């Protein structure tokens, strides 16, 4: 569970709602037509930019922004050193029955156990990483698009409201409320883009970054093991993945 | 047929039209001179930026945004494994009569059957991919340009309207309607850019991305076959092109 | 002659002029001081950003946007196959007297005939291409700069007009015309940037792209000939430079 | 201590406060609800974009913008030449007891003394540098995000204020003060973004750049020493890290 | 002396001053508090983003925008051919006493004369070029930052002015002059950014580009000489640095 996304989203919406309620009249902030043009319009234009499958898969993708499955790099490093020692003592084939927590790690170890050429192992794993990141970027692109389209749709809505208001401007007293309604679409667009779509896109980018980080570490570890490098060298290499404050000297005794 | 583009485009235009009609007076939103300056002006400036052939080819390019000819990666992978097994059993020359669905795939297989050097095969196929993507980018650039120019032309139109209105501002009562007309060009430009040109440009980018994806898969497959790699290794490599949920374990039996 | 640039430029200016004249009073759109601050100011700031020679060479560079000297890729490919066959039959030295239309092509063939090392030929030709593109980019940069500076200068002009208007705002009746004049600089800047400078910069970019395309084709062809590759392989490689619809199968008989 | 950050920050805030006080009424610039929506809203949306740990680590990261621990390149070069001469005279193992000021430098020397392959040493050190820069970029991203989100939240706050004002616009006399309050959120957002968040992000980028600079110098030095290059060649190479005015000719005598 | 920078800067400032004076009242454009918040505020925020040394070194860097020390590429090419012929006739060591105009050229020739490995010569010269460009980019960054910060500070100043004006808006007659003063900070920021800081940053970029150009030419020349290439080949390579119109055929006789 990624509480940051949840707390941030609910908190930000509550803050905006609070600012509205403090002004006394939440009703002035609700206008059906404005909601339709911004929300429906944004979704339809976003649909234009993607395929039907990508569009409806977006909710599933958004879910990832609220769920954290980060594999702690320290755990991955400890496991890598363990496997490196195991392989050094009992041969690479002994890794077949080793207990490996992560799916990608398991796949990498299997490729090594199968006796494939290091170049092939490297190339398959990098291809996996690269294409996984591409899939993440595709999912993220929908929320980025919503964040771009919502302000554009809300500007169109505000322009329509302004033209309607100006065309029939007889009584100056009515300008205020009519203009308020015209501005509502701008407000809706700003909230959808800045409080929902763009933060989710950014959190998905962070998630993708974490996965790239963990998979890079695993590739470095497995290639090091396959090349039969000294476990201490492997640890020196992998420790770079930790901030200096967390580089555990005691692990060297392992 | 890419229904996403069609539904999105029609739906978004209907949404905007609905918002206008709900305000009661569609007539206030039509102004011939504003249409001319935004539409004709945008097309002429866009023409300046491209060649005549590119400009008139744009409608043909736009058509691609509404038509989907994506080759399913699973089908390509299955066909690749089939060819790899076929080549392993009967030699590479046996691929000459193999049934290959995709034109680029056929070309790639022919190059291998012709017995060219792997480096040459790779270089010809990559050149094809690279130059195809360049052609796509050129076509996309026109819609990107329309999306840039339309708001600029509509700002020029609005400025002209404002100057005319302000110069003869005698009766404050007339300001409203005159300003409404001045704002219409801004509205037209925003609709052309955000509801039509930019989404088409983005859909064309997606189409180009799909083609790069499929052609990369085919190049990886054909090079793997030519190098005589084990069909299982080829499958391990190609399966990366699928999301993990769709990696079909049963195919391994093939 | 590149009619697209000419038609686009004249047409766009006529469209804007028409919109102004339809409003009845072209005179309201001419203000000497506004013209001076936008046009002279933009040129002076642009001068700051470049050298005197580059600045005065800009008109010559702009000329290129109106003139098209694109060498048709099909012609280049046919000529390349002809040279490849000629070289295969009579030796590379026979290319010395071959009739080669393009200056860069001629230079490339001469380097091969002179018997230089393929690496040196490649490196000289790539250096030529790279530095030609750099010179194009330098020329283009001036029009890009004008497109950036004109709106900035016009904003400065509008701000000066607004401050003057607001300082002496006694009679509300005068606000309109004074504000109209203040907005004129914004209009001038938008026209200079969007109808003249930026489209010329974009057309120059297209021109540069065409040259890169043609020179890349020539380099691929000449290197293929020097390496003594089969003319059919060279054609397979070069045909990638054409869209699939124009790949002339009959030429293979050549 | 980096006085530039401290003086700049305090000075800029004092300048803004002075401009407010000179207008006579600081009270008009304080509005609790506006502070809440901008400050709390910005923090919550920023929280959405990062993990809880990153978010709360931001203050620690910000601290780095106020503290300078740059290792002077001249000192590093002098130390490198000293080590190179030492290694040339007494062998590489003699570096084990050498006094090395910088932690990264110490680590690099240790890898060389341990007798690892130059390729491995290079790859471990580059990995360290690359991942250190990634950690810096992650920390910097939070302040960049605050600088992006604050103006967006302040625009939302201003829109809410405008809608409230316009909805109940009875007495034109009240428009002024109500509008003033609506503009306050825009002011708060501009101050947070431009006076605090973005300058800190830029200073952190500078800090990261300095570290990359120093570590690159150290890697070049240590690799040069390990490859047994002539100390004068090493100095020629490292002197490039200094501006020409500071290249100390006398050091060559060392 | 780079007259373009000087004429452009003075001319643009005179143009703006003229536009102000033509309006009759230069006094309306001077407001001490506005100058302080924009100028002092911009300098302080810029200081935050850099180190004290970089900040105070900026005036020295700005000086470079007004001084041109470009080494004409033709001169460099002629000198290179002369050196190549000299080296071919008398051996590379004979270059020791050759008269070389440029400091970097001298350094490059010395490295060759010292008999270093071509790879080392290349790597030292490229390092010099790369780090020189980095120093230039650092200097340029300050003017780029001023160009970014000035409009932000001027927006903050204008917001403060607007809030003050709106809070005490009793007499509608006073709105004009108060608003004029509020807009002054926007004007100051636009002038500082667009007429001073950004053009200087762009000119410094041009300067840096010229240096990269000249140093690249020198590196190509010296490496060609060290590899003992035929002077004509060296000339063919270097002539690419000239536009075709200036490639002097007569020099080939040299």
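Note that the chains are named A, B, C, D and E in the order they appear, and that numbering of residues resets to 1 at the start of each chain.
Everything that follows uses one rule, which is that contacts are C-beta pairs under 8 Å (C-beta built on N, C-alpha and C of every residue); 3 or more make two chains touch, one makes a residue touch a chain.
Computed from a predicted model, the values in this text were never measured in an experiment.
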| item | value |
| --- | --- |
| Connectivity without chain C (remaining chains kept where they are) | one piece |
| Cα superposition angle of chain C on its copy chain D, in degrees to the nearest 5 | 145 |
| Approximate Å spacing (C-alpha centroids) for the pair chain D, chain E | 24 |
| Centre-to-centre distance between chain E and chain B (centres being mean Cα positions), rounded to whole Å | 39 |
| Order in which chains appear around the ring, chain A first, chain D after it | A, D, E, C, B |
| Chain E partner contacts - residues on chain D that touch it in the complex | 2-5, 7-9, 11-12, 15-16, 18-20, 22-25, 28-29, 68, 175-177, 179-180, 183-184, 186-187, 190-191, 193-195, 199-200, 202-203, 206, 213, 220, 229, 233, 236-237, 240-241, 243-244 |
| Complex contacts: residues of chain B adjacent to chain C | 33, 36-37, 40-41, 44-52, 55, 103, 111, 116, 120, 123-124, 127-128, 131-132, 134-135, 145, 149, 152-153, 155-157, 159-169 |
